[in-house]
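In the part that follows, the structures are each spelled out as structure tokens.
Both of the next two complexes hold subunit A, though its partner changes from subunit B to subunit C.
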Partner chain A sequence: MTTLTRTGTTMPATRRDERYAPAHTLAPPVDVYETDEMYVLLADMPGVQPDGLDVIAERDSLTIRGRVERPAAEPDYQEFELSDYYRAFTLSEDLESDKVTAVLRDGVLRVEIPKSPRVKPKKIAVRTE
Partner chain B sequence: MNGRATLQPWQEIRRMQREVERLFSGLAPAWRWPLTGEYPPINLTRDENGLTLSALCPGANRETLDVTVLENAVTVRCERKPEENVPEAAYHRRERPVGTFARSLNLGERFDPERTEAVYQNGILRVQLGRGSEPAPKKIAIQS
Partner chain C sequence: MGVIDKVTNTVTALLPWKGEQREEQEVPPVGAEVLALRDDLDRWLNRFFEEPWGLPASGDFRWMPATNVQETEKELVVTVEVPGIDQADIRLSATPGQLVISGEKKEEMEQARRGFHVFERRYGSFARTIPLPPGLDVDKAEARARDGVLTVRIPKSAGQSGTRRVPIRTEVG
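Then we have the complex of A and B:
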């Protein structure tokens, strides 16, 4: 019997061991998707300016942190409260954490984490006999 | 009737809701704004010049951001598009809302569309609504 396994069915970038900061910070909602070359993480962090943002990539972890400026006046009607953001992810060893790039645009953080060359898909030439 | 007074009960409910969400914030990944069932979430601040509306809509498509003021009501529309050319199967996690969203609020008083300004910065839409000049009171003669 042959067992087929798709590479990348486990998610190296997130899942286990996520850590959340104590109260008064918000874990931003994220999308994580995978391409042949990299993992892409998108996080909604409205109110954060580029100088209030920290993206720290270590060998086995990625931490995103954003500070917001709260308005001076309390709103008369309130559905949201601006809070600082914090979320951490575990990275697997097959990612190149030293080549992570981050861009913040319109309150959305985009982090690209390249895959190590040894796990990138490799096309195998098929010989005909 | 004072428009502010009519909005107060909701504010108290929201405040309690945020407190409950905060209590549980250590247990689960948070995206609590859509729990209200309304997107984008909106804050209103009044001052002597008028009213400021703030809506959280990070990553909105600028061409489709739209603010309409009609008499007592303001309508905010925004669209959040998913990433292009990413198949569903490539996603490991999808927590960010996508789609077209619209909110209409009755502000309890009239604002002048000519004195309305909107700015979109850092994912927050801020709309400044200025009060219009009040029409002069008109005396009505009583016919006998």
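Then we have the complex of A and C:
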């Protein structure tokens, strides 16, 4: 059975990740949920346009990069920064990374990662004797 | 297994002497959660002490979208992060004293959902009240939402911008 183990901590949306990400990027907040058929990943990436987005699925990893056009002037009052986004995930072997699909709408990226047929739940017919 | 966050789920982040050596050794060997907590605290403190506009949450709402305010020569520009919020679910009202932005971020309906593995995004009703300086023409305010960013532009009143010149009459006596 596919279970997601996630031993790390939740990363706030605006924390810069200097260790792995390129300079000046934000880790977007994500939701990941599971259905019988797939994993669905939702990422809030306000300011990213479709041509500024890269979703790269390799055999065992999923990488999200988003480029943002920064405003010319610094705001007088600021709570958020339009900045490039970066986040990477490890995919387990029971996911079909070559069949990943991605849609961007209103600043939200939705990635669907189908499960391999062998781990999908099967209904077992019960015979009556 | 499944989908695992590469950034946070690393042995080296917590145990720097273990695992492969990484090039970025100047980063102090502090756990990601400690750094994240510190950043959270910094943000909170900044909001308490360095809030020149004093943007409060209004009413009983579950969250506040992040807001920036920029004043230019001609207008006041308010930008709000609204990813995933339908334009129909955003309400805007501008009066001479304040701009109120409210709405709801709806969770997507997925009948076959078996459970969440990561839950970081925020949902539900939100509201923000932004106090406005005098001299704005709120009737001419314009708003548009694009790529999850709402931009509200409120032009400055033509008659009140800058210093008003006082005419001086010359009396011939």
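Definition applied: the second predicted complex is superposed on the first by the 107 of 129 C-alpha atoms of A that agree within 3 Å, B and C clash if a C-alpha of one lies under 4 Å from a C-alpha of the other, contacts with A are read in each partner's own complex, and residues count from 1 in each chain.
To be clear about the criterion, a residue touches a chain if its C-beta (ideal position, glycine included) is under 8 Å from a C-beta of that chain, and two chains touch if they have at least 3 such contacts.
Predicted model only: the values in this text are computed from it and were never measured.
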Based on the superposed arrangement, let me know which partner A:114 touches: subunit B (first), subunit C (second), both, or neither?
neither
So, A:24: does it touch subunit B (first), subunit C (second), both, or neither?
first
Just checking: does A:44 make contact with subunit B only, subunit C only, both, or neither of them? Give me first, second, both or neither.
both
When the two structures are overlaid on chain A, which partner does A:35 contact: first (subunit B), second (subunit C), both, or neither?
both
Based on the superposed arrangement, let me know which partner A:62 touches: subunit B (first), subunit C (second), both, or neither?
second
Broader residue contact with subunit A after superposition on the shared chain, subunit B or subunit C:
C
Do subunit B and subunit C touch any of the same residues on subunit A, and if so, which?
11, 13-15, 18, 20, 27, 29-35, 39-40, 42, 44-49, 71, 73, 75-80, 87, 105-108
Which residues of subunit A touch subunit B in the complex?
11, 13-15, 18, 20, 22-24, 26-35, 39-40, 42, 44-49, 71, 73, 75-81, 87, 105-108
Of all residues in subunit B, which touch subunit A in the complex?
4, 7, 10-11, 14-15, 18, 22, 25-26, 29-33, 36, 38, 41-47, 54, 56-60, 62, 83, 86, 90-97, 120, 122-124
Given the complex, residues on subunit A that touch subunit C span 2-15, 17-21, 27, 29-37, 39-42, 44-49, 61-62, 71, 73, 75-80, 82, 87-95, 105-108, 113
Subunit C residues touching subunit A in their complex are 1-10, 13, 22, 24, 27, 31-33, 35-36, 39-40, 43, 47, 51-53, 55, 66-72, 79, 81-86, 108, 110, 112-122, 145, 147-149
